[in-house]
């Protein structure tokens, strides 16, 4: 059974229909990626799953539970966490407090364990543990956001624009680590701009174009060029 | 937008009574709400009562026809700017023939200013004369006590406390009344064998009086005299008490005209023994120039109309303001402004607040007696009259009690 | 001089009590609460009315007042502030502004304009009384309560999960939701705490000073002074802000005469502001 | 080739954090200098120093032969240093057109009429000519990045500082940005371009500088730098693909 | 085309307002005078709060200075009242300039509070200043001679002047700079906008105008003391008018101040309710229309008469 099932959802921003009949499945223990051009609706999908947007049609089943229409914090409690696009650090708090917020729902000692885990993944964050997060560089913030997501120890982790602004070395690192984490059973839904990397990192991929899923398949079986074509649709640029 | 504003004004006009009819429209601006609302309590009852007496007796003959008086009230909201707007509004939308106003300089001065501009006769009470006389008035007249009377009434208390020749600390705010007092007091003290100590002015609303109290303490003042707002006084007096130092007698104007105010000054009868000037009591030996009622009777009427348990000084002054109106109208026999002012200038009439006779500066000086607040065992307050030099026929009720 | 400094510091404690609620509301909800002073006076009146009506002990009536104010805080948060919080600075400001004029005039209707004082014996007692120095019992009490509340609240905010959740909500409600924080509840909790503290401050003010329904404005400006000196949102800053203001006022009165004591306090405030535009202990860095 | 911008021994510390220790480089006329470096290397900080937002603790910056370290933000902008922000900061409640006009009026000191013409020109360059009357707050990411560049262009800069303008864009969009930068360069503007996208470094720049540990580790032709062991070590991570 | 229509509209309005004194009752005149004065004040407050991002709670400082200058110069030194208020305005501008180094360090809510504190400090200062006879109540008897018509015309001039100042200011570079600063100060700065200078210009202009309007207001009030001159109530009225009408729109202050005066006029008949009602209205309007009446109208319909938006010129060359 799928861990996360999105069934035929529509999402509106005012009059604007941002998503149309979007359906997707995430099997437990897999990494699923969303691919699409800017404005295709990837973030909208992610946000809707998290409860930040309300679908006007369709339903979202997570872990056997219908979560559509629930509040984000209720969904988070059910075990679904997201590292949002643009990192969204708690600016006035220290790096460590930011991470501890991730473990908001956990018990004391467990929190510290998880903290150590994240520090191992991103050593730089340990260095900056006592620093206010406003002063982090763009990439460090991204790490903090992912780290915070991991801290929640969710059943599924959503990462929007996971590698935005990261140095290649860090990206490689993160993908390596993600695989490690996935191996422990964490399920992930990620958005990644880079098609090659996206297909490499994931087990399954969906291509989003103008609010619709236009292509899907096992990542290993998808052809990169076809994906590229699908992803641009009728090429309106240039 | 224009449309709506003109429609709102036309309703006002529709509601207004024109002076050409058989009534004389008299505006009354006083604080119905706001910090001074306590002053305003009972105003409408008393003014209304007095005017009813006039109307029931047939009204007043002006310009050849006998007219009744109609009062229209407006709220100053205890704010001088609003008082000015309210007066303007009455003048413009209700076409008032004469304006009455009362209850502190914050009301009477801006209303007088508005009337001066509009050319409307303005009669007022309830403000110390000097505080009211901020300008050379043409159309405004006032009856109140002056600083000299005030200080004399206080001196009676000091004398009674047996501190002749002692030091008197002066609590004065930066406002007109405070300044008037501090300007007058040195000379007054010198003339009467006291020594005035100026611990510096304070601003109304200040939260802390430490430096003032320190000066009073350092100088070892035997008495404290002042003109203070109730709230300032309450805060000051509890700080004075907690400083561990108390003068033998404290005489404060303005702050404790009403029982509610003494109570507010502090816990468990903190203000016990406080002396204040008393403008009017039900025992004053005066009678109404309209009906011959005594002050006693007026006080009873007040209690009946308002349900209060005692009649404060404003009772007499409210009534007196209408009395003055009555006499001015009667003497002028006209609503013509020149005739009205001439009648004011020549006015000399015995009212429930004593003889009213406007001087060159358009004000009349009324006498005061000295009162002391006594905190009773059951938690109630009594104001004893401890000196009556200015109104010898008003009986004293007790000897001064010295504070410890 | 010594008297002035000691009294100034103690008065500062009371001032910081007045400021805490405003500072927290700003720190957490980014809301400049123009109704703060009036809410505090409302708390004062509630204490007063209960003391008078039930004739009960001041502590008990303060507790009741705190409870009532907490409930009111919840209501205000749910029905007023929550609805406009995300609409920008001006709308939220106006709502509290509307609340302010509404409240002060409503109190005027209900409680009349009479001056009032909460009867308690502290206000006229002193703890120390020598030739040169006397310490007022009510000032000292206020100071101690302020310190206790500030220390306690700081610990809660810094060290507990609850405190972190409130700070997180204040920084980024969306992200906090994603972490599983019910932000509506967090804001409501914060408002409730603020109002509770404000009720205590109200009682202290009412038993130290004479008050009336429109006293709110006077204390609003003191609260403002305290928090801008200390830095909006900083609890420790509130204490320091209060003390700076108190001492500046008292020393100003001592040196230049009491008429200008507030002028001196204001000037000190403006100078501190000019030198440290975000207050002495501004927490959150400037954004955008 | 002469240097428009010379940076000598530039350093900055935040408390005990010595973010930049000693940076030395020259930007030549009509050159695109790529800057790479690990996250937190201080690239954005360097831009902030160059534009005057941060004050360096040491070092000198000469722009067109003139020492500008003491100049303020606006002065440098008017002098010809334009920049974009890593996270775009459009004037959200102004239209795209007005956004660009601001650059012209204040950065280039034009009259409003001139600035309007300039805005039209710039809009063509950044391909926002069809969205001129849209409020900038409503733009998508690519358009925001374009607008960032457009506003900077309208100030008629001699050098343009780009901070991750390609970040978060798709590959084809990155291609568009590369072309855009080329076009800008062809108009005689020198560019410093911070980016984590390898392709932009290889295709879009004339030289690349690696920033790490607070110093400029290596500067040179794009391909050489990207293949250098230093870059492999601190940036690419063990010589992975790409 | 559009511009000429606008000018016609304005001319009609001005003529209309100018002929009212001949036709209207004294009461209407009085109400219009108040509207004009509040309009002028709110327009200035809006210039700072709505356009320059400087929400001020201290504009009463300038009303007070304006009023006091009128009082002292005309009552004590017998100076012409109009000359007095102009000098008052100049003093306000200078005072604004003098305090700007301190208060311009502050931003946002700190600025709002800082300005209020300045006004409060002035209140205390004037109360302790011998030159103005401490906190004495002044009757401004030099303006007693002005009749309703003169007052109205003065107020009308203030309203028109204030509106035009804002209108034209927003069409200069300052207007563009202000919008940019409001949206992102740091970006504006790197775009060459001199934040400090721009804000200072606006501030000093607003101070000058406020002084002028303060003087005109006190011709109407004819009574001053420090606590009324420097009362926060002035700013409360302006804030109310602007935010109800629509912050950051030119029509907002107009609609807002008209409403404000109408409401207070109606409320004269219900003593003690006026402020309760104003409070409720403020809350309800913001709940329903957070942008204020004109702001919401604009957001919904795009309706705006006096828009400071820059128009996009027609392209000379047709684009393919």
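When the chains are written out, they are named A, B, C, D and E in that same order, and each has its own residue count from 1.
By our rule, a residue touches a chain if its C-beta (ideal position, glycine included) is under 8 Å from a C-beta of that chain, and two chains touch if they have at least 3 such contacts.
This one's a predicted model, so the numbers in the text were calculated from it and none came from an experiment.
Under the contact definition, subunit A and subunit E share the contacting chains C, D. Averaging C-alpha coordinates per chain places the centre of subunit C 47 Å away from that of subunit D.
Taking each chain's centre as the average of its CA atoms, subunit B and subunit D sit 74 Å apart. Once the centre of each chain is set as its mean CA position, subunit D and subunit E turn out to be 42 Å apart.
Annotation: 31 Å between the Cα-based centres of subunit C and subunit E. Residues of subunit B found to touch two or more other chains are 33, 174, 201, 203. Multi-chain contact residues of subunit D (touching two or more other chains) are listed as 89. Residue positions of subunit C touching 2 or more other chains, listed in rising order: 105, 108-109, 257, 259, 262, 288. All chain pairs that touch, listed by label, are A-C, A-D, B-C, B-E, C-E, D-E. Residue ranges of subunit A in contact with subunit D, taken from their complex: 37-39, 86, 124, 135-140, 142-143, 161, 164-170, 172-173, 193-195, 228, 231-232, 235, 237-238. Touching subunit C in their complex are the following residues of subunit B: 33-38, 78, 174, 199-203, 205-212, 214, 230-235, 238-239, 241-244, 260-261, 264-268, 270. Per the touch definition, subunit C reaches subunit B in the complex via residues 3-4, 7, 11, 105, 108-109, 112-121, 123-126, 129, 134, 136-138, 208-212, 214-215, 218, 222, 246, 249-250, 253-254, 257-259, 261-262.
Subunit E meets subunit D in the complex at residues 173, 176-177, 179-180, 182-184, 186-195, 309-310, 312-313, 315, 319. Residues of subunit E touching subunit C in their complex: 49, 55, 101-103, 105-110, 112-114, 116-118, 120-121, 124-125, 127-128, 184-186, 232, 236, 239-240, 243-244, 247, 272-276, 278-283, 286-287, 290-291.
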